[in-house]
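Paired with chain B in one complex and with chain C in the other, chain A is shared by the two complexes that follow.
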Partner chain A sequence: MTSSRPDRAVTHALLLLFSFIAVLPIVAIVLTALNGSHTAVGGIELPQPLSLHALSRAWDTANFSSTLVSSAIIAIGTTILTVTISVLAGYAFAILRFPGRNLLFALVLVGLVVPREAMIIPLYYDVNSYASFLSGTYAIVVLAETGILVAFGVFWMRAFFAAVPRSLIDAATLDGANPFTVLRRVLLKPAWPAVLTLIVLIFLWSWNEFLLPLVLLAGSPEHQTAPVSLALFTGRTTRDVPGLAAGSLIVAAPVLLLYVVFQRQFIRGVMSGAVKG
Partner chain B sequence: MNDPETIRALQPSVVASTQARERVGRRRRDHRSRADRAFGRSLSGYLFLLPVFAVYVPFVLLPLVHTAFLSLYQWNGLTPGTWAGFANYRALWSDPQLASAFVHSAVLVVFYAVLPIALALFLVSVMSRARIRGAGPYRTLLFLPQIVPTVVVAIAWRWIFAPDGPLNQLLQAIGLGGLARAWLGDFTFALPAVGVIGTWALYGLCMVLFIAGLQKIPQSLYDAAQMDGAGPFAEFLAVTLPGLRGELVVAGTLTIAAAVSSFDLVYVATNGGPGDATTVPSLLVYRLAFSDGRVGGAAAVGTTIAALVFAITMVIRHFGRSPAERDAFA
Partner chain C sequence: MKAIYLDSVTKRYANGVLAVDGVELAVEPGEFIVLVGPSGCGKTTLLRMLAGLESVSEGSIRLGEKDITHEHPRRRDIAMVFQDYALYPQMTVAENLRFALKLRKVPKATIDERVDHVARVLGLERLLDRRPGLLSGGQRQRVALGRAIVREPAAFLMDEPLSNLDAKLRVAMRAELARLHARLNVTTVYVTHDQVEAMTLGDRVVVMSEGRVQQVGPPGDIYSRPANVFVAAFMGSPPMNLVSATVEDGVAVLGPLRIPLGGHAAGASVVDVGIRPGALRLAAASEAGAFGVEVDVVEDLGDERLLGFRLMVPRARSADAVASDSMAQGDDRLIADEAGTPLVAKVPTGAPIAVGDVVQLALAGEVHVFDPATGDALGVLAPADRAVVGEKTS
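Moving on to the complex of A and B:
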């Protein structure tokens, strides 16, 4: 079937229209954030005059200089921990032979469908009573987020390692290399694109995580993440639309920048069947 | 008293470990037998898994089990709890606030899963007649709602739905000002309005998935369908829909899971209001457990959410298999 010109024109018109709808609210927020006027903006219009006033006002009122640092610490910590242990486990599940391998892998995959709502209650109460040194710390948020994200990490890295030609591994093993050396010397380099995708996705999911930091850091607002602080700030102010828009822009900016650079990785990863929280 | 026989009789474990040590020593001397190397390999397998399970078990699996356990108690979070049997689960039916939250969740499934998938399927099947070239930039834009923090999405739409917001201004501009209202503050329209946000957030993902799937359907199948005189609708049923089976499974799992546990969006957009008009089970877990002191009830809601997500995932994956795979499995 050769597609006729009108067919192709309709396709592109539809794609254009629905792409436009998908970005419109986000573009509107950015424009509102840069608007100089104090009053709530009704429609979508170019900022007149262009101003960073709302941004600096939001920066001060919502304490972003502290919450962005908290978000960065938690997201980077979660990413390093999750990716490291996922590479190790993904490699073991794909390459090494040991009793109970399939059962343990199935157990890890359960994590793909565990909703945060079904783990947050004991997490909060048990940490407070049995591990109070962890309560309200960055560490507990990093550990909880890693726990929930590691299922995808293992699933993703196992799929990569399972596709590696067996001969590559056998050759190294015959040379007397132990499993860890094989991973480090032989497989880490070809695995880099898969690892990079995982890094980008875990960082995004951790940055956008909401319920876990909301509950686990409820008692220590000085450690609270930027998205949760913005939500709490939203509850207090509803009239200052440019201020809220500016806050939104500040919270979204890091992941938007990351998306500009790594969009291929984002899309490939999420489409592989990841269950986003 | 200290002769070897007595020690052996008294401490069999010491003896066993001594014997084991001797065995290992012998094997070392044998320059490592094959069995020994297999043992070493399986041991290193577990070592590689240790870090994952050290985090996954205490921070996900045990809390999951503990939630199910707590759901059988009445507990206010402070004083010792009392055994409640299945009373917390019976309350999911009998307590109107809890029951209505699950009904709201079902409504959201329509907006989060059914509408985006149907819309994306329709658009993609219209496009399938013209094979899509240069979809890259569209893909980037369509995918954007997946990237933006949900808090930001909720703030943007609160503004769009506000009494003096863009939606009402648009309605006034086209002479439908009578329809203008505070959408998220309206008892009838708040839930569908939250649903619309979900539809907006997820249709792009479905489209990107289906466009990718479409590229993998061989052109020859469409040619064959045309030769058989199939119209657009028959072609859709015979070629496009079966060809997108895998993508439909992924889209269905992602969107329904998003609908059933949609805490962030509802928390920021409406916080369950007005009244309980947009209260969903996720929100109840948070409210009951951390402000109402009804931890057992919250745990029952949380356990039910987990069971629902798990069951729905299983069902979708089952029906997502090709008929041949299903037969092999049955």
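Moving on to the complex of A and C:
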């Protein structure tokens, strides 16, 4: 049904309004980051003078040359481990029939609802008690983040595989494929948009993770991550707002780049669950 | 030795549902056997048990000499064509055809030879580099067939492969399937809910209902010698006219008709009588046995016509007749039975007949007699076997 001109005009106006509201905070941060002074800024105004000094100051203060590397190591490690487990487990829960499948999946889903704030303290003491050799290492953060994020990953991939026509799997089975071959040679390629979406989401969430690295890497400042280093811009009595804004932009840049590169596949992956082809 | 033997095969689900109940069936080598029945009758479940995609609760399945009851699907020498074709979407047509052979580590030269041959037979040469998403329904169906043929299995299983095609293409593909089977002569078990497909394709037809086999036989036998009311009502289009008749001195009385039963239904006071629409013909008013009816529906099919009319006779009483006649459920009726039981006659195209016209009909074909309590067939009265005494009504 084609809409009339006034309808289209109203639609566009509303979309512009909501786009503006969504983009406004980001514009404010960018403008704040381009402010050359240390002084606190409020509202949205073109900085006077316009300067990139806050960016270079933020880079040095937060030691981004090291913290960005730490964030990348942890985010990449978490993404690889989480996505691998999620694809395999999601496939198993959706396609394979085994005793206790539904109960086990329900237990996995519990991981979606338990807040990490509730588990962080017991986790810290458990690590120190039972795996102290991992304490302060990248590995413990990767394992902890994987443990938390895999619940969503399994849920996401199970939903995708459950929507695959059963006849496709039956056909592959009759052709001689075992369950792993069915996954690898028949389902993985069509699942790629959903897997790519999961990769982007897991990387994003891991990259932006603050609490787990803060607690688990407390004794290892050399391994600290970029989001945690942003706390350096806020002291007990002072606050470097332009520096904090500049640091936020630097932290956000890699994920923004990732999204820009993969946005088409990301949208396709999100929509593949909504619309059957 | 039978190609496929099903020995008391039963499927009972965990929730207690009995999907297949003690099916015994022997399929000859090279035979094209059709499982037909309404939705939920167990035909697809039985096919999937043959393929190994459903477990067998009781009984056994043999493929040739080998007991495959508990054999994994990939170790059964069976290929299947699915209703939605189940083509691998990311593979080209050629890759779809090769897939099973590559998994079985067939030598490349053999794979190439078989794929080329099947592509030629099915007219797929120009489509080998296309993906399934770019194929029409008929082309996908041929690829699905090709994927099964290229494996050179001991048996084909086909689960309603024509149901996703439009009517015209379905008729064309039916003929192609028959030609293909004649050429390949591979044992084929074919599932359909369409009784026209069953009658035209099968060497033998297995009619199923509620998990049980109702009748097995050549299409002609199924049509002309139905074992019970269910088979009689299910097979044939339009469905068989089924009415109840009282029996007086060995003669069935149904409205204006008096049909001597010739010893069938001895001792019964009531029988169910089935008359196929094609067993009625237009008659002259002066003919013995002719009876007049008022036409209330005319469906012109081109070379023949369906005439709907009503007779003041009760509907058939057996459970299957009632179940098969949705109009007897009460709520579905548009016109009350007080106007008579609706029946259909199939006559050749000829002089125009309009709604409201009174025409003379006579029995020209077989009359089937059924037990109203069990639905079992009691006998078939051929035209030469009976003398119909009718009262003329205008």
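In this section, the second predicted complex is superposed on the first by the 222 of 277 C-alpha atoms of A that agree within 3 Å, B and C clash if a C-alpha of one lies under 4 Å from a C-alpha of the other, contacts with A are read in each partner's own complex, and residues count from 1 in each chain.
Please note the rule applied: contacts are C-beta pairs under 8 Å (C-beta built on N, C-alpha and C of every residue); 3 or more make two chains touch, one makes a residue touch a chain.
Since the model is a prediction, treat every value here as computed from it, not as a measurement.
Applying the stated contact rule after C-alpha superposition, one finds that A:165 touches chain C and leaves chain B untouched. In the superposed model, A:186 makes contact with chain C only, not with chain B.
Measured by the number of chain A residues touched, the leading partner among chain B and chain C is B. In the superposed pair of complexes, A:114 makes contact with chain B only, with no contact to chain C. Looking at the shared chain after the overlay, A:252 reaches chain B, while chain C stays out of its contact range. Of the two partner chains, chain C is the only one that A:175 touches; chain B does not reach it.
On chain A, the surface touched by chain B in one complex and the surface touched by chain C in the other have residues 178 in common. Considering their complex, residues 38, 41-46, 48-49, 51-53, 55-56, 58-64, 66-67, 70, 77, 123, 126-127, 129-132, 135, 137-160, 162, 164-166, 169-170, 200, 203-205, 207-209, 212, 219, 222-223, 226, 249-250, 253-254, 257-258, 260-261, 263-264, 267-268, 271, 281-282, 285-286, 289-290, 295, 298-299, 301-303, 305-306, 309-310, 313 of chain B touch chain A.
On the side of chain A, the complex with chain C involves touching residues 165, 167-168, 170-178, 181, 185-186, 189-190.
Chain C contributes residues 48, 51-53, 73-74, 76, 78-80, 82-84, 86, 88-90, 99-100, 103-104, 147, 151 to its touches with chain A in the complex. Looking at the complex, you find that chain A touches chain B at residues 1, 3-4, 7-8, 10-11, 14-16, 18-23, 25-26, 28-29, 32, 40, 42-44, 81, 84-86, 88-89, 91-93, 96-99, 101, 104, 107-108, 110-111, 113-126, 143-144, 146-148, 150-151, 154, 178-180, 204, 207-208, 210-211, 214-215, 218, 227-228, 230-231, 234-235, 238, 241, 244-245, 247-248, 251-252, 255-256, 259, 263, 266-267, 270-271, 273-277.
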